[in-house]
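Heads up, the next two complexes both have chain A, just with different partners, chain B and then chain C.
Up next is the complex of A and B:
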C-alpha cells in the first residue's frame, strides 16, 4: 500500500517536472498479438487455434464498422430531431393568431399611430421609411453597422491574400486589348476576369444599361421617403451597376474610380455623417429639446427632416459593401 | 428622481461613443499604433462615465433606475434604453475588463499580426464593446437582436484575426453555431411580437401576463421561451451547445481569447436574465418549467466542463474549458429562479469577467517566455522568468477553485447561500462541491508546473512592456478587492436586481 502511494507520487512528481515516467518504472506493454488480416470475417482456420473472446470480437467489429454505424446513427438521429422540430413549429403556427385578422394583438396602438400620425410626425409619405429612419432609427443605425462589420470582416479575411502586382495586371490587360493571345496566359485568365474584355455583347449591353441602372438607383434612394424604396434597396441597385461594370470592362477599370481606399473612406464617412446626424437627433429627443430640424411640406423632395440625407448615407454604404463582397469573393481584392 | 445631464445620458453616450469610434477607426492612420490607442481612450472614457453612473445611482435616494427614449418618440413607438443599478455595475465591470484585456495584451498583438489587421482588430474591439454595452442597457428586444448580430460577426472575426488553419476552422465552426443561435432567437422574437404586438420589454410583459391568465396561446409562448433560451444558450456556450468554445477561445490570439471568454459570453447571458426577468417574469418562467431545464443544464455544464478541462494539455484550451464550467455556475444561479439566485449569478458574471481575462493574459505572458509554446510541460519554470504573470496565474487559479479571500470565493459563497432558499439545494451544493474539487484537480497541477525547475532551465528572460505588468497588477488588485469586500458589491447588485423587474 505504502509503496503504491510512493509510486503514484513519483509519477506525479515526474509529470510535473515534465520528465515523463522513468525507464525503470515504465510499464512495458505486453507484446500484442500480430494484426489480424484485413478481412471482414476472420477465417475459420485461424479461429480453430485461437478462440476469440466476445470483447475482442466487439473491438474488431467496431474498428471495421464503427465509423459507418456512427455515421448512420448520426444521420438517423438528426432526421428525427429535424422532424420533431418541424412538427413542433407546425403546431405552433397552427396556434398563432390568424393572419391579417383585425383583432390580432399586433394591431394595437403602436401600429395605429405609425399609420395615422406617421406622415405628420416624420414628414415621410412612405410610412416604412418614417418607421425605420425616425421612430426606430436606433435599430437601423445598428443594422447599417452590421453591414459595416460584415464588410470590414470580409476585407480582413479575404483582402490580405497575396496582392497581385498592379503593373503586371495592366500589362496583361493591354495584351488582351491588342488581340494577342497567349495560351499560358489564358490558363490563368478565368481567375483574373480579363478575358471577358472581349465580350462585345456584354460590353454593348453594359454601356447601354449602366447609366439607366445608376439613375434608377439614385431615384430609389433620393425618393425613399416618398415612394417605396430607400437606402437599402437603392444601394443594392447601385451596386449592381458597379458589378456589371466590373464584369464587362474588367476590375482594373473599376479600380480607377473605386479602390479599396475609396471603399473604406466612403463607407466610414457616410456612416460618420449618419452617426453625427442621428446622434444629435437622439440626444435632443431624449432630453426633450427641440432639435430644430424642419420637416417641410409632405410630398416634396426636400422634406421629412433627416430621412433624405440618412437614406443617401445608407445607400452609399450598401452599394460599396455589396460591390466589395463581390469583388473580394471573386478577386480577393477590391 | 432628479437626474443630472451626464448620468441621464450615459447609457446612450457610452454605446454611441463606441459605435462612432468603430466607424472612424478605419480612416485613422496606422502610424504609432493610433487606432489601438484611440480605442483604449474611448473605453477609458466609458469607464469614467459608467463609474459616475454607478456612483450616481448608488447614492440617489430612490434608485429605481430610469428609461431613456432614443429619439423624439415616447416608449411604445420609439426605441428605449434602461439604466438601473444592475446594468450600470455590469457596464462598468465590462468596460474595465475590456480596457485591461486590451492594454495587457498590447505587446502580443504586435508580434502576432500585421499593422493592417491590428487596425481592423481595433474596429472589432470597439464594435464588441458597443454591442456589449447595448445588450446591457437595451430595453427593446429588437435592438437586442441587432446588437447580437454585430456581436456575432465581430466575435467570429476576432477569432480569425490571426490567419492559421486552426483559427479559420474554429471561426467557421463558431460562426455556424452562432448563426443557428441567431436564427432561433429571431424566430422567437417574431413569435413574441405576433403574440404581444410590442417590442419593448415592459409592454411585452404586461401582455404576456394577460395571456397567461387567460390561458391563450400557451404552446406558442412555451415555444418562444424555449427558442429564446436555447438560442442564447448556444451563444453563451451552455454545456451541450459548447463544443465550439474551446477551439475558438483556445486557438486565437490572447486578446481575442480574453475578450471572448470574459465578455462576449456575458452579454448573451445577461440578455437571458433580462428576458426572463423583464419580458416573461419569474412566475411565468417557473410555470413553463424553464428554470428546471436551465438548472439541470447548468449542473451538467459545471461537471462536464471540468471533466473536459482535466483532459487538456494545452493551457489555453484548459482555461477555455474552465469557462464552460463557469458559465454553468451562472446558469445554476439563474435556475434557482429567485431574486437572490439571480443576484448571485450576476455577482458571478462580474467575478468571471474579471478573472478569465486575467488568466488568459497571464497564460499568454507565461507562454511568451517559453517561446510561444502553450503546452503545459513547456511552461515548466516560467514563473521565475515572468513573476507578475505567474502571480496572476496563481491568483486566478485560486480564485477559480474558490479559496477564501479570492474573488471566486465570493460568488461561490453567494450561490451556495442562494441555494439554501430553494428546494434544489442538495443538487446545487453537490454540484458546487464536486466542481470545486475538479477545479483544484486541474488548476493545481498547472500551478505546480510553472514552478517546476524542470528541463527548461535554459529559457531566456524576455522583457515585457510596462503596460502588461500594470494591467496584470490591476487585475490582481481587483481580484483581492472583490474577494475581501464582496458584501458591498453583493448589496449593490441585490438592490439592482430588486428594481430590475
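Up next is the complex of A and C:
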C-alpha cells in the first residue's frame, strides 16, 4: 500500500516537474560524447615523433584526388569498352551476307509465304498490315498493351503529385472568358497552360488545321490495310490534333470531351475488343472452324476481315496514350 | 574486311551508332542526355533491321497491279516485309520506355533539384546517413 502511494506520488511529482514520459513521435538529436582533449591518450600517429608511412600517404593522397582519378579512369575505361564493342560488331558485320542481295538468309520461305499467300489469306493490300494484324496479331496486341501500360505508369508517377485545384482553375478560366483581366492571373498563366486571350494567331491556325488533321488521321487509320500507315501512325496524327487543341484553347476545353476517365474507358475497351476479336479468330481459324468473318475483295475499304476494326482499336489506344503523355508531362493530369 | 564493310555500309553505320549511344549512356552525367543515348541505340536497331530487309531492285511490300488489273503476288517483286513489323515493335517499346524514364527523371529533379546523376547520388547518401542516425537514436531510446 505504502509503495503504491509512493509510486503515484512520484508520478505526480514528475508530471509537475515536467519529467514525465516523452511523446512517442518526439525526435531528439543524438547526444555527442563529451570531447575533452586532455582526457584522451594521444594516438601514436598523432605524436610528433611519428613518421608518416607509405600506406598513410596513399590514403591521404586518395582522399584528396581519389574521386578525380576514379572519374578519369571510368571515362577511359568506358571509351575503351565502347570501342571494343564497336570493333567486335564491325567484324561481325563484315561477315554478314552482302547488303540487298536476293539470296540472303533473311529472305526465306516465311517471307515467300507472306507475299504469295498473304493477299489471298488475309485480304489486305498492304502486306505489312496483313502480317502484323493477322499472322502476328498477338504481337501487335502486346505492343498496344505496352503503350497502355506505359501511359498508366506515367499517370501513377506524375499524376498524383502535381494535382491542382480544379475548381480554382475553372474560376480563373471563367474570369478570363468574362473579359476581366487579372494581372496576377496573367503573371502565372503561362505556367498553367490555360487559355489565353492574346493567342489569336494560334487559335486561328488551330481552328483551320484541327479538322484537316483529324480527317487525315482517320483516313490513315481506316485505309491502313490498303496504303502505308495504320493504327499506330494514324493514332499519332490524331494525338497531334488533341495536343494542338490543348495548346490553343487550353486543357480545360480538352477536358470537356477527353478526360482521364474517357482515356481509361476508351483505351481499355479498345484493348478488350482487340483481345476478344483476335482470340475468337485465332481459335476458329486454328481449329479449321468457319469463323464467319468475310475477307472481301482486295482493294476495297471494307475488306481484309478483322484488320480494319483492329486498326481502329490500335488507333484509339495510340491517340489516347500519346496525348496522355503530353498532358501528364506539361500539366500533371490528363 | 574493309571492302566487305563498304558493301554492308548501312549495317556498319548502325553498329557505330549503337556504340555512340552506349558511350552516351556510360559517359553522360545528365539524365536526359543518358535517355537520348538510349534512343540513339534504339535508332541503330531500326536502321539495322531496315537494312537487313531491303532487297535490290524491288518495290515496297504493298500489292501492285499489272496492266490487266491483276494483283502481282510474285516473290521477286517486293522487299522483305518482316523487318517492318519488327521495327514497329521496337518503336512502340522505345516510346514507352522513354516516357517512363523521363517521368522518373522529372521526379528526381523535383526532389533533388538537379539532373546530374552524381549530385543526386551524393544528396541521396547524405539523406540516408541522416535517416540512419535518427533510426539508431530511436533504437537506443527503445533499449533504454
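Keep this in mind: the second predicted complex is superposed on the first by the 266 of 334 C-alpha atoms of A that agree within 3 Å, B and C clash if a C-alpha of one lies under 4 Å from a C-alpha of the other, contacts with A are read in each partner's own complex, and residues count from 1 in each chain.
Throughout what follows, a contact is a pair of C-beta atoms (placed from the backbone, for glycine too) under 8 Å apart; a residue touches a chain by one contact, two chains touch by 3 or more.
Predicted model, so just to flag it, every value in this text is computed and none were measured.
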Notebook entry, point to check: Touching A:115, do we find chain B (first), chain C (second), both, or neither?
Noted result: second
Notebook entry, point to check: Should A:334 be classified as contacting the first partner (chain B), the second (chain C), both, or neither?
Noted result: neither
Check: Touching A:246 in the superposition: chain B (first), chain C (second), both, neither?
Finding: neither
Notebook entry, point to check: After superposition on the shared chain, which partner residues are touched by A:319: those of chain B (first), chain C (second), both, or neither?
Noted result: neither
Next item on the list: Identify the partner contact of A:308: answer first if only chain B is touched, second if only chain C is, both if each is, neither if none is.
Entry: neither
Checklist line | Partner chain(s) touched by A:221 [first = chain B, second = chain C, both, neither] | finding: neither
Next item on the list: Give one of first, second, both or neither to describe whether A:254 is in contact with chain B, with chain C, with both, or with none.
Entry: neither
Next item on the list: Based on the superposed arrangement, let me know which partner A:127 touches: chain B (first), chain C (second), both, or neither?
Entry: second
Notebook entry, point to check: Which partner does A:91 reach: the first (chain B), the second (chain C), both, or neither?
Noted result: both
Item checked: chain A positions touched by chain B in one structure and by chain C in the second -> 89, 91-92, 95-96, 104, 106-107, 110-111, 114, 136, 139, 143, 146, 149-150, 153, 157
Check: Touching chain A in the complex: which residues of chain C?
Finding: 1, 4-5, 7-12, 15-16, 18-20, 22-23, 26-27, 51-56, 60-63, 71, 73-78, 80-85, 88-89, 91-93, 95-97, 99-100, 102-104, 106-107, 110, 133-134, 136-137, 140-141
Next item on the list: Going by the contact rule at the top, pick out the chain B residues touching chain A in the complex.
Entry: 5, 8-9, 12, 16, 19-20, 22-24, 26-27, 68-73, 76-79, 114, 116-117, 120, 123-124, 127, 130, 134, 140, 142-143, 146-147, 149-150, 153-154, 156-157, 160-161, 163, 168, 191, 193-198, 207, 217, 219-220, 223, 377-378, 380, 445, 448-449, 452, 454-456
Item checked: Residues on chain A engaged by chain C in the complex (per definition of touch) -> 27-30, 75, 78-79, 81-83, 85-86, 89-96, 98-102, 104, 106-107, 110-112, 114-120, 125-128, 131-132, 136, 139-140, 143-144, 146-147, 149-151, 153-154, 157-158, 161, 227-228, 232, 298-299, 322, 325, 328-329
Note to self: Under the stated contact criterion, what part of chain A meets chain B in this complex?
What the structure shows: 12, 15-19, 88-89, 91-92, 95-97, 104-111, 113-114, 121, 134-139, 141-143, 145-146, 148-150, 152-153, 155-157, 160, 264-265, 268-269, 271-272, 275-276, 279, 281-287, 291
